[in-house]
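Have a look at this one.
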Amino acid sequence: MARTETGRVEAFSDGVFAIAMTLLVLDLKVPHDLAPGQTLMGALVAEWPTFLAFVTSYATILIMWVNHHRLFAHIGRWDDRLLFSNGLLLFGVVVLPFTTSLVATYLDRPGHEAAAMVYNGIFVLIAVCYNVLWRSASRGGRLLGPDHDPDIVRQITDSYRWGPLIYAVVFVVGIASVTVSLLLNLALALYFALPSALAAHIARRGRSVPRTD
Amino acid sequence: MARTETGRVEAFSDGVFAIAMTLLVLDLKVPHDLAPGQTLMGALVAEWPTFLAFVTSYATILIMWVNHHRLFAHIGRWDDRLLFSNGLLLFGVVVLPFTTSLVATYLDRPGHEAAAMVYNGIFVLIAVCYNVLWRSASRGGRLLGPDHDPDIVRQITDSYRWGPLIYAVVFVVGIASVTVSLLLNLALALYFALPSALAAHIARRGRSVPRTD
Amino acid sequence: MARTETGRVEAFSDGVFAIAMTLLVLDLKVPHDLAPGQTLMGALVAEWPTFLAFVTSYATILIMWVNHHRLFAHIGRWDDRLLFSNGLLLFGVVVLPFTTSLVATYLDRPGHEAAAMVYNGIFVLIAVCYNVLWRSASRGGRLLGPDHDPDIVRQITDSYRWGPLIYAVVFVVGIASVTVSLLLNLALALYFALPSALAAHIARRGRSVPRTD
Amino acid sequence: MARTETGRVEAFSDGVFAIAMTLLVLDLKVPHDLAPGQTLMGALVAEWPTFLAFVTSYATILIMWVNHHRLFAHIGRWDDRLLFSNGLLLFGVVVLPFTTSLVATYLDRPGHEAAAMVYNGIFVLIAVCYNVLWRSASRGGRLLGPDHDPDIVRQITDSYRWGPLIYAVVFVVGIASVTVSLLLNLALALYFALPSALAAHIARRGRSVPRTD
């Protein structure tokens, strides 16, 4: 039952990730009144802050979803504490269409410091939630599957520790320049994506010796 | 088949919970015209009724989802009556983005009594639906799994009995003060979350003696 | 694999049903400017066409979802024809938030005949799609599970035959009076819900003799 | 575990497809102010670009979902590279409600070339992503299920190769006439749907000899 149950927590979380990711599109506005002499392509290019914020948030939610999957691949049981730390994490995800719209609107206007603080602050919150969720689940192997590998668990704990710190740095950068902080977030998403893809590629290659099962 | 089928009722319900929870964000509005001398942070703080209603509704939907899971962990079969009492319960959930927006708009304006009555009234309806659904499923063990524990069933029945009463009290309080009723709802969500997390923690500790399976 | 595959068609359809059902709420508008002397409750009551259309569409989608489940409980395999007749059926579902909004806006205004024709026309289309889907799946037992009961299959075929006719009658009624057609749709949803709930209750009672498994 | 895991990637993708498909409806606008002498039906007919774009995008997402299922029916394992090429593909899907709205708005106005380039360009991107995803999964049978048929794999590879080329042609056509490119997309969706439905019908008939399992 326990295994089925984490399946359901994951399905519910997947739903929230998928919906939040898709609702981001509602912030992309079709230009309705072109200024005289303005082309549609020009009007779209002028909306670049919205597109940059959209792409950054999309890439970040995708990374967060991949990480959520990675963690739950090791978690075999659940309790109410897990449900609620997961619920707090999803709160951060649900709020992203709003913070994305906020940062896109104020990127090149007075108020950009506040917008950046809200936008990047939510990422700090989410990074903290991932740590709380993982530590609460992994401490003493409390909620891990019966065949978990302590080395991998420690490795995950070590790597997640850096998340809040990294996003705190982006938070500080964002006060100086929103645009740079958006580009940093985008680079972080690509950075988290690429090496692990490479690592997985190598790991899988190592594993691809003929099996007898 | 029956077990698979409740799985599908749950998956459908999870979808509705996840979407309603995520649509709440559409009510968070990016301030577009700052008054002279107003900062963005000031404009956001001035939107506190919207954020309070958002957080309250999010926390309440999360609690309702956790409760939905708890009940269905005991339900092993379904019939049309269960589908329709569940459908009425989900009606209450679907309506929440509207009632949340209503209460946020009228929190500090004439009309707040009516807004509070609609907002808290839906919570009373949902609490009643949980009782109808559970009683219809558990009476005589009608739709429960083959290995249900009568003590736990009775315990659930007893604890759910208080739901409509508690939300009726919040309903009355809301007529006097919307804000207090929102804070009460938020406190209720935390209260339902925390003790059960503690209880689960204790229960799990008791269970964590070495097993031989 | 086949069984898993219909599971995925169902999961996808459940997603579309759940989202369409939840998006209906976006048409419920919070009254923003109360006329002098108007209360919020009065303003909400004046929105009754929107609420009537909302409740009718919600109840109808719920019934359609229950029917979708009933049919797929008998379908054990899929092919592309099933995917596409299901896709056309879901087209009708996806469109409902629009037709609901249309009928709510024009219920008491010139244009109500056209609005009713669009709204009820989609229901006729959906009823036809259910027949196409079921016949395509059940003819010769083509896609049914290995242990299907021919009597039940014929019984379903017979009862679904009436759907398009009934909704065609509602379509004609709607040209004379939208409101009556909405109430008819609501009554139909309740009618389809209640007897089957009773029937299931009786059937289950008959089955509830002690079992030895 | 691997098999379960692709199940989760599919479920997440199904969620994104279902939501994007359903959000398309938000672009169908209820006409609020009828011009003097204009009927509601006339006002709806005048919105034909929106309905054409809606139907085209709906049919295209449906086809893409069917294709996604077909590919994943052969994929038995996943790695990070698959997750990210799938994530890029879903980016194209998430963006469709925006590009659909854009092309509907500018279909009969200056700017239609740019709107068509954005709309059809996303389809080219998605067609490329399907190739990247499939090649990355199928090269050397890397992520395919243990019992994959090399002939079918090669056949899929061959047929998908034409996707980007076909959508590139539509892209060029769209610069000359948006409407023709929309109709071409719609015809492509029907073309992909119908023959495969026929082929599946024939294949299934061939397979329908009595089995002894």
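Think of it as A, B, C and D in the order they're written, each chain with its own count starting at 1.
As a working rule, contacts are C-beta pairs under 8 Å (C-beta built on N, C-alpha and C of every residue); 3 or more make two chains touch, one makes a residue touch a chain.
On a predicted model such as this, the values are computed, not experimentally measured, just so you know.
*Asks:* With centres defined as the mean of C-alpha atoms, identify the chain lying farthest from chain B.
*Replies:* Of all chains, D has its centre farthest from that of chain B.
*Asks:* Where chain C and chain D touch, do the two copies share over half of their residue numbers, giving same, or under half, giving different?
*Replies:* Different-residue interface.
*Asks:* Taking the mean of the C-alpha atoms as each chain's centre, how many Å separate chain B from chain D?
*Replies:* Whole-Å distance between the two chain centres: 36.
*Asks:* Indicate the whole-number Å distance between the mean C-alpha point of chain A and the mean C-alpha point of chain B.
*Replies:* 26
*Asks:* If you look at chain A, which of its residues touch at least two other chains?
*Replies:* Only 11, 15, 19, 23, 26 qualify.
*Asks:* Got a list of which chains touch which?
*Replies:* Those chain pairs satisfying the definition are A-B, A-D, B-C, C-D.
*Asks:* Along chain A, where are the residues that touch chain B in the complex?
*Replies:* Touch list, chain A to chain B: 1, 5, 8, 11-12, 15-16, 19-20, 23, 26, 79-81, 83-84, 87, 90-91, 94-95, 97-98, 101-102, 105-106, 110-111, 114-115, 118, 142.
*Asks:* Considering only the defined contacts, which chain B positions touch chain A in the complex?
*Replies:* 10-11, 14-15, 17-19, 21-26, 28, 30, 32, 34, 39-41, 44, 58, 62, 65-66, 69, 73, 193, 196-197, 199-201, 204
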